[in-house]
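See the structures that follow.
In the two complexes that follow, chain A is the common piece, with chain B as its partner first and chain C second.
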Partner chain A sequence: MQRTVDFKLPHFFNYPPYFTLQPVRETREKQVQLWKELILDYCRSQKMYIISLEEDFPLFSNPKIERSLSYEAKEVFLAALVSEGRAEWIDKNHKKCLVLWLRIQDWANYILDFVKENGLEVTTIEDIRSGIETHGTELAGIDRGVLMRALRLLEQKGKAVIFKGSSADDEGVKFSV
Partner chain B sequence: MRRRPGIAGLQNAAATRDKFRLVGENVAKVRTDVMQEQLATFRSQLEEFARKHKSDIRKNSVFRQQFHEMCAKVGVDPLASNKGVWAELLGIGDFYYELGVQIVDICIATRSHNGGLIDLLELRKLLCQKRKTDLGSLSSDDCLRAISKLKVLGSGFEVISVGKKKLVRSVPTELNKDHNGILELAQAKGYVTVEQVEKDFSWSTGRAIDALETLLKEGLAMIDDGHRDGKRRYWFPCVTLSSDASGSEAKS
Partner chain C sequence: MSVGAADWLPAATVMASGRPVLSAGEIERHLLPLVDLEPEENPRLAPLRGCLLVLTSHRLVFLHEASLSARALPLASIIHTYPPHRRHNHSPLRSLFSSSSSSSSSHHPRIRIQISLPLSRSEVVAVVVTCKADVDVFYGRLLEVIRTRAWEATASAAPASGAPVAEGAAPAEEDLAIRMPVVGVAGILRKEQETWESAGQNLQDAFQDLNALMSKAKEMMELAEKMRQKLLTNSSAQSNSNDEEMGSKQDLQDLLLSVGIVSPVTKETAGALYHQQLSRQLADFVRVPVERAGGMMALVDVYCLFNRARGTELISPEDLLQACSLWEKFDVPVMLRKFDSGVKVIQTKTHSDDEVFARISSLAQKPDALLKGISPSDAAFTLGIAPALAKEHLLNAENKGLLCRDVSPDGFRFYINLFNEIDLQNIHLPKTHGLYHTWISVATAAH
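Let's turn to the complex of A and B:
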């Protein structure tokens, strides 16, 4: 995996002690806060949804200063995101994490705006993920699970209806905007 | 004067003394008047000067410092009270009060990062960012003046010298000689190890660990167990500028 150029890493990423879990409470709180923000910002800029603790992830090591996060540290930072509703463990063993850089509610609103702007009252799930209109928006390549949850939320609110499309593997959505 | 005998002589002498005293008083009075006149002239000239150069004083840090020095020489403190003629005239009091408030802001905002101890240069950089000016327009002297005004609040703001650096302390942590020594040592690389402290100061391991643990608890130090030599490093954010926290040591 490689880091894309257009993401500016914060100063603390180059300061070695931020890669060791701090024992003093106040210092730890600050450290966790900075990492939480960094993980969300980074995933958003790279449109990443899943972080696996057991695989390499560009944010969790900094070759320039020869430091990397311990397994425990990664778990602490992700757990902090989970406790705030900004991430979810997707397995029982807490090895994989779904990062919600937009909350489901925010995704739902984003989709509604997107649909209004582009006049896409009736469309398909796949088109939302990779249609022409999607290019350059947050929706490009959105995690299917996240998208479905946002759409179901809209369905609950009576703002969308999901229906079976013509082909078996695609579903359509009708929005009432 | 030759003393003459008799009552007339005594009366004469008394009259002469009176005359001398009168003349003396006159001279003194004239002198005082002249002095007062000169002072008034000087004061009005200083006011005139201040009025004329108000914007320079506000904008130019070198000019500001020179103006302060000039005022100090004639015993005028333009910051003594914001209601004084000087402050009103210049708004110079406002300048330092505003600066003071910004200093408090920054010290509090960075406290969780540096434990309430910040390098004066770092503080200046952050101030300039906040004020959207460049570093040259705000001198260390300005910051020190503003901080000295903060002392009135009893808020524990203080400037301490550690090695070559000046650090601004915004928490009432008492640093003893051991702690100061470590902070000074840390300026070289941004961090120290227990071993290094023992060796440099010829301390026992216990003494070194004690001092480092205190600094850690106070939030002034952060531990780093990530170096491949396995030795714990104690980093001190207060002696590392955020702009050059590039960890250039890591390769060594």
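Let's turn to the complex of A and C:
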């Protein structure tokens, strides 16, 4: 994974204690918050949805100051995101994490706005993920699972209907704007 | 009850720790708690009650611990001592003749002493031992001390006069030894007796040498004290001498200062009062070194220093710990402190952590420390304390939120805590002032 240039890391990324899990409660609380913000910011800018504890993640090490997070530290920071509803473990062993830089509710609202703006009352799932209109929005390359959950939420509220499309793996959506 | 009433005896000075102040060359020989002193013949002399009796080489000190006051009976004024005796109930004749004033303590063993007081004829007083201590041991010590006449040795300052006992006793026995032919079983026994006696003689000679050595050691200690005083005055006179010289002077001073507790409290002299008295002596001893070390010293260091000062009568770590833990009961200027990590230190009661925190904080804000953090040894160097202690201070400062840690392959280092300086709303916003700003400017210049 390559860190793209358009994400500017904050200054404290070069602060060595940022990479050591702080034992003192108050200090750690602040540290955890800073990590949560940074992870969400980064994932949003890089359109990343999955963080795996066992694979390299650009944020979790800083070669410039030769520091990297311990496994325990990564787990603590991700667990903090999970407890706030900004992430979800996607396996039982808590090795992989789905990061929700927008909550499902926020995604649903975002999709609704997007559909209104572009006049796409009827479209396909694939079009939402990679259509021409999607280009340049948050929806570009959205995790399929996240998208489906947002759409189902809209369906529950009576704002959308998901239906089977022409091919087996393509589904269509009809929005009632 | 204070000892003020007994003004027929000279007052003795007592330290705040509750230990008697000993004069030069005076050595503590035995302690007995709960002792009364009763004049037997003269009712105008007020008795002393419930005192700690300290037998030194020079005096009998009657110390009233609650009021921290004491009276002393100089051994030089003792004319005669009578062996201890108990007034048994089954002896009606004795109880008939017993003085009415001492009826309360009539079951306790008494040691009667004839003394000569200034401005009066001789008096007979009784040392009444009301605790369950071995009076005979005390009496033996008392006789020994009186025979040694150490007060005269100090007065005339004559060396090697500490052992007149052995000198007086040994030749007499040699005169008595009549050579008998070695015949039969009796002969073998006699031969055995002779070897035994000559071994005893050798031993006595050896102890005589030891006594000579001891009195020399005393002179050495006086010399060391003089040298230290001289060094102190010198170093204050020429304060512009270079650091290295000052350092070596400091070392020498440390060496000299640690030469000696003249009269260490021992299990032998203090008996049941051992830990209590040890605790008091330790409190007197550590005050100076602890203050010089910046108000705090590791228990291990104190142990070494204290035992070095004691020289021969070494104490065990358990004894030290017990002595320290007894401080809570006395009004002494030092205390035992246990850090969260379990490290134990001795600190003065006036010692404040805030001062240490301020110094650590300013150390951690130096440009170099902002960038690379500080290690316990850095802090030890700057604060002038042991690294183990410095680490405790750093951990303490971390606990207070002053510092935070960095654990890496390079080791365990501490940085000034920037976490609270960073704005959570906008993590990319560099502040235009404050600690975070300072750190950013230093960090960006370096990377």
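Throughout what follows, the second predicted complex is superposed on the first by the 177 of 177 C-alpha atoms of A that agree within 3 Å, B and C clash if a C-alpha of one lies under 4 Å from a C-alpha of the other, contacts with A are read in each partner's own complex, and residues count from 1 in each chain.
Quick note on the criterion: contacts are C-beta pairs under 8 Å (C-beta built on N, C-alpha and C of every residue); 3 or more make two chains touch, one makes a residue touch a chain.
Owing to the predicted nature of the structure, the values given are computational and were not obtained by experimental measurement.
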When chain B and chain C are modelled together on chain A, clash or fit: clash
Touched partner set for A:26, first chain B, second chain C, both or neither: both
Contacts of A:54 with chain B and chain C, given as first, second, both or neither: neither
Touching partner for A:106 - first (chain B), second (chain C), both, neither: neither
Which superposed partner A:84 touches (first chain B, second chain C, both, neither): neither
Partner chain(s) touched by A:38 [first = chain B, second = chain C, both, neither]: second
Touching partner for A:8 - first (chain B), second (chain C), both, neither: second
Where chain A meets both chain C and chain B, residue numbers: 11-12, 14-17, 19-20, 22-24, 26-27, 30, 64-67
Contact footprint of chain B on chain A as seen in their complex: 11-12, 14-20, 22-24, 26-27, 29-30, 64-68
Chain A - residues contacting chain C, complex: 8, 10-12, 14-17, 19-20, 22-24, 26-27, 30-31, 33-34, 37-38, 41, 64-67
Contact set on chain B toward chain A in their complex: 112-113, 115, 191, 216-217, 219, 222-228, 233, 235, 237, 240, 242-243, 245-247, 250-251
Residue numbers on chain C that touch chain A, as the complex places them: 373, 398-399, 401, 404-409, 413, 415, 417-420, 422, 424, 427-428, 430, 436, 439-440, 443-444, 447
